[in-house]
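Labels run A, B and C following the written order; every chain starts at residue 1.
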Amino acid sequence: MALRDYEKDMQRCPRCSECKWVPLAKIKSWRFAQVCPSIGRYNFHSYSGGGRLIMGMSVLTGRIDYTDDYVDILYRCQMCGGCDISCKCNKDMEPLAIAQELRIKAVEDGQVSPVHMLLIDGLKKEDNMMQGKKADRGKWAEGLDVKDITQDRADIYFHAGCRYSFDEELWPDVRGAVNLLRKAGLEVGIGGKEENCCGCRAYEMGYKGELTKYAESNFDMLKAAGAKQIVTACAECYYGFKVLYPRFLKDLGIEVLHITEYLARLVQEGKLAPTKNTPLRVTYHDPCHLGRLGEPYVPWDGVEKKVFQQMYIYEPPKPWRKGTNGVYEAPRDVIRSIPGVELVEMERIKEYAWCCGAGGGVIDGYADFAQWTAMERMEEAKTTGAEAIVTACPWCKRNFTDAIAESGEKLKVFDVVELIEQAIR
Amino acid sequence: MAFSRDAYRELEDIVGPENISADLAVLDTYTFTGTYGLKSIDARYQAFRPEAVILPGGTKEVQAVIKLCNRRGIMSKASSTFFGAHNTAGSEGVVLLDMRRMNRILDIDEKNMFILLEPYVSFAQVQAEAMKRGLNCNIIGAGSQTSFFASYTSMDGNNSQAISQGYSGRNLLGVEWVLPTGEVMRVGAPGSSAGWFSGDGPGPSLRGIVRGYKGACGGLGVFTKCAGHLHPWPGGSEMEIIGISPNYEAAVPPLFEYHIIEFPDWDRCADAIYKIGEAKIAYALHKAGGPGSHGAIVTGSNDEYWAKRQAGELVIPRISICVVLAANSPGEHEYQVKVLDRILEDTGGKICPVGEERTFKNRDYLHMIKTCFTPRVAFRLGGSFHVDGIVGTESMDNIAVALKVDDVLRDKYAEKGLIMDDGTSNAWGAPMEDTHYALAECGHPISSTDETSIKGMRQMMEEGHALAIKTPISLSWRALGTGSYGISTAEIAPLCFDYDKWMRKIKKAFDPNTASDPSTYAFPEE
Amino acid sequence: MLHKDALEKIVGAGNVWDDAATIEEYSSDLSFAPRVRADCVVKPGRAGEVQEIVKWANETATPLVPVSSGPPHFRGDTVPSTGGAVVVDLSRMNEIMRVDRRNRVCMIEPGVTFGQLVPRLAEEGMRLNMPLLPRGSKSVIGSMLEREPVIMPLSQWDVIDPLICIEVVFGTGDLFRTGSAAGPGTLEDQWRAKQAQVTQMGPGQTDFARVVQGAQGTMGIVTWATVRCDVAPRMREAFLVGADNLDKITDFIYRLMWLKLGDECLVLNNVSAAAVLAQNREGYSGMVSGLPRWLLLFCLSGIEYFPEERLAYQEKSMMEAAKHFGLEPVKALTGVSAYELSGTLGKPSDRQSWKLRQRGACEDIFFLTTLDKTEGFVKVMLDTAGRSGYSLSDIGIYVQPMVQGTSCHCEFNLFYDRTNAGEVKKVRDLYRRASDALIDSGAFFSRPYGDWAERVYRRDGGSTAALKKVKGIFDPNDIMNPGKLCF
């Protein structure tokens, strides 16, 4: 769909400001009532989901042309979907899709963030979003002795993703993920240096072409490998395979799972047994792309029509993605299975979790904003009395780790994988 | 006077460069409006862009901005969430003050049951903090995401809990006010450094100048602090919400009741509402349909609502109310239930099975107390809703008259296909203060993307307005300045002792330089 | 002479007085306001006459002093502050225009007294939220315009209650109606559509009634008002709680307010309680020493439906709350029956005011605060009295929770013998010192009568400046009771 396809949504915006808050039923305090980091930090209405929608309409209808602030406002957004879920709780609208189309249009019109451009150049040259060398992509797996999916068949394709591939500090987590699967007796293959970016991050920056390019290429590779399951430990890659690929390409015909989903299954089946007592009070941070954005994409091709004279519905009924079916419980089940670990919840969780701050190109282009967002989350985590914040995405972990280092906070950061790995003898 | 670069620079020096913008992309987001200003689809953008939008951080900054406006002949208007056309600039040369940075709760006085806060604190935030302390606030019809402060000082506010908590403007206590000339004063007890518990005195009450039925909507300076009366909450310190969006629910607590009740006619419905008010048993009560219907409230999408209605579910009777009882003890609960049953017996009321189904009950109860249904129902159904001109706040009997008049008008326009017609009467109504008075606001969902529907609503509004005057219904509270909200003061005031004459004098006396945008209040007397 | 002629043309011969005796009656009251004689007293019979009087006063620059209650007066607001004034006595306008049980409202003229209205409402099964023992000749509208505290705090949703809509002649001579009474439509049109003038706010974006209330007649003259009424209970139980410590009682009151229990609810110290209860001076002293230091009176009621059951659950909840605070509500205390006392409070006083019975005169110091701060103000008062050599056993105290418990009226009653020059001096002295001390301690003198006005408005320059603007709008020629407040 193009921006013009959302014109009615833009006209329908009641300017109610729900997009700034956690779904209203879920507000538990004054302090942690907001859901949108962008307006939380910058305050002008244009920074909210509804604000971008109006801005977009202004450009679409020719009221305004691109302005300096327009581009800045557009990209100072993690594309976290918080506004989307809050708006959709009470309305049938698509704020996130509109924000996405605005970025795509901006890129088409040459209104780009210079930092994003740099990353995309790197992507085009080296097939990754980390400004790393393609040849180095597989280094994280050295010594693991795991199948190369381009050479051998494997039922499970494990996709590391760009962040895990090039962020050496995080390698223990991604290695741990593979090790856990193999410990459960599963046959895993990886792409190694032949692994390519999923394209999701580039898409969120507005580069739709990169997504479709990598989607096709990855699809071909997976088909050739005969993989039955894709497993990833990166929430953004999960979103790419689970939601974006079926949307823009076709259904892969392969089951897509996040590592936490798989681990939850394995624990339940008794194939993995965390037995070592790990006394720790933790709180879990729902990554946006695993949680509210991670619910499956169901293709729909329909029309809007009116019933009751002036009420609009969709025919056939639209399979709304309102955050209801994201991956929320699997990571929690894994955490709860670890002896000694006490899980306490923050106020903003699941479909209305506060973003870590890294998404949408923000960690790259607006580091201070990414850090501000992360520190907000740290404040919230501290109120639970937790010693550690646990997440299931390397982007979240990176951003939290950097924020803690910068601020001197004592909170620890774990990935679900590393937590359970510690508890398995 | 045109807005100059010098003026911009001065404003920037007051609030900091991060807190002022004259970028068109930003300005347009303060020009676009939602439901009101019913002219055409294109008129979602109001006529005037502001010159700049400013985010002041405290009273001193507000003062400095207002003084500058006086000196330089610039108009200003402050708003919290900017929900509604009346928040936009009313003419050229207006700077808007977005009060978002002034968002603190300063104190909650549990014993004396009031809260002291700044402009950008939402009803949802107030309620969450109040409930922890056994208190509550009446979430207004505009939605719990709107500003408590704005409702109490500057606009209006009523909803389902008004029967036990009253009207927002009548719950206002002390106020800190940056006058249109830039001086700061405190209205009521805080002016005497005596606390914030009262907004009246010494002597005549300046609360009467601050606001009437409606507030000044930014037309008489800027309010920077206010205290508001909170009310007892017999429920738990936090409402336990279960489910995942959009299907949130809250179980009706022990010692509480929730019911939808049908009546054979509006007169008997009014009888029951009077009796319930007199018996002082209701915690929340409003007319069950409107805008939209409770059937729509309990569904997560229009598709779902339609499907369920096709299956014969979620049908709300046309003449019905929704009531919540809340008791502090088993004895009180038993009494409330017994009294309600007897009142229904006396007035022919029947509890509707649709409201007794557990999921319906738990979802709708949540809306009655916590979230209010305006965003979901007013905006989701057709994209917009509007009030048809039949609005009144007076005796319950007069409201019943209004509802009967509206029934006929509603059917006429429904037959033409111009408004949504799901069989319910979408008029909104709530009794206030143990039914000492009541309100009806006859709103109807329309399509915000269909010019015919919009034009039809406009026609309906004009016709309804004429009927309201003829009946008569007490509708002066709906008039706002030049009419961006629907009815202008100039249309109503001549029928009400020319009250605008006094407002113009007040404007001239308090705002000699017209530094506050007069379009939503009054232009100064010439 | 000139005034009388002109005024007689408006109100008719026989309704204007300028004889010495009549003038003398209006030239002073029981406050310390200096004696100032008016030129004459006029008694209009309808709103049109009031309007003409006000217009005439503007043309002739004649100050007007509105009065609606019969004597005695206590506050000085009905005594002219300047010479050459005309007293506008509204007692002829004494019609009870409507009593509407269904909407629990009545519509009355300013001359309607508590003595008139209370029994009339009782005929319809209603009652009024009254101040504490008003004299029978007190004007109901007068009381409400003064924002006198009322004894049923849970029935008071806003400080303006029970006043609803008013018809007023502003100082400009313009006739105006407030709230839903303003229109559209005439009153008859509105009644035909079943309106009852029950919406207080507005019209529009100004709350005009609120500007007239508390103004001591400086903004205009009210010619009728609608007044909110309550349903008379079918059954009633009254309780007394005695305590040495006010804080315990106030905590209990907070709980009653939160539980929404009770109708009448007020606190008197032993001195004021004895003044209210004692039949004569001899009984008074014995009562003062026999009563507990603080006495809380409150009533529970059963109304239309299942009154016994309502009473039962309320009493149970109330007793549980009392127990929590270590209090014991009883139906009688040291010979005082709570039921009888509450019955007394439900009617205007049919005797001489309780404030005058014991010593002949009383000077009140009152202000608004919150219940939890009241004990502190009591200490300030007693400390000041002690330093002034004033007998503490002569200080009555009345605490009235207001607006559903969000604030309270705190009143000190200084009983004294007006014929004793020494006592008069002492009381005047204490009145000044204590008022200053209380204002300095944060007491909110929201009703600044007499000398208080200068102190209060000096402290609140913002309100002073704003009120002067308001005065300039509604009474630009300053003919309405000049010299009061900050005008």
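For this structure, a couple of remarks:
Just so it is clear, contacts are C-beta pairs under 8 Å (C-beta built on N, C-alpha and C of every residue); 3 or more make two chains touch, one makes a residue touch a chain.
Model, not experiment: these values are computed from the prediction.
A comparison of C-alpha centroids places B closest to the centre of the full protein. With centres defined by CA atoms alone, the chain at the far end from chain A is C.
One finds 37 Å separating the Cα centroids of chain A and chain B. A straight line joining the Cα centres of chain A and chain C is 66 Å long. Each chain gets one centre point, the mean of its Cα atoms, and the points for chain B and chain C are 33 Å apart. None of the residues of chain C touches two or more other chains. Of all residues in chain C, only 102-105, 147, 157-160, 175-177, 180, 182-185, 189-190, 193-196, 198-216, 218-219, 228, 231, 254, 257-260, 303-306, 309-310, 312-314, 316-317, 368-373, 403-407, 439, 442-448, 453, 456-457, 459-463, 465-467, 469-470, 472-474, 485-486 touch chain B in the complex they form. Chain A contributes residues 8, 11-18, 20-21, 23-30, 33, 42-46, 50-51, 54-55, 57-58, 63-64, 67-70, 73, 85-86, 88-92, 306-314, 317-318, 320, 322-324, 328, 350-352 to its touches with chain B in the complex.
Those residues of chain B that touch chain A in the shared complex are 18-19, 21, 23-26, 28-30, 32-35, 41, 44-45, 53, 55, 81-83, 98, 100-101, 105, 121-122, 124-129, 143-146, 238, 241, 244-248, 250, 300-307, 366, 370-371, 374-376, 378-384, 414, 417-422, 445-450, 453. If you check the complex, the residues on chain B that touch chain C are 109, 111-114, 134, 166-167, 169-171, 173, 179, 183-189, 191-195, 197-198, 200-209, 211-217, 219, 229, 231-232, 274-275, 278-280, 328-329, 331-332, 334-335, 338-339, 342-343, 393-398, 400-401, 433, 436-437, 468-469, 471-477, 479-480, 489, 492-493, 495-497, 499-500, 502-503, 505-506, 509-510, 521-522.
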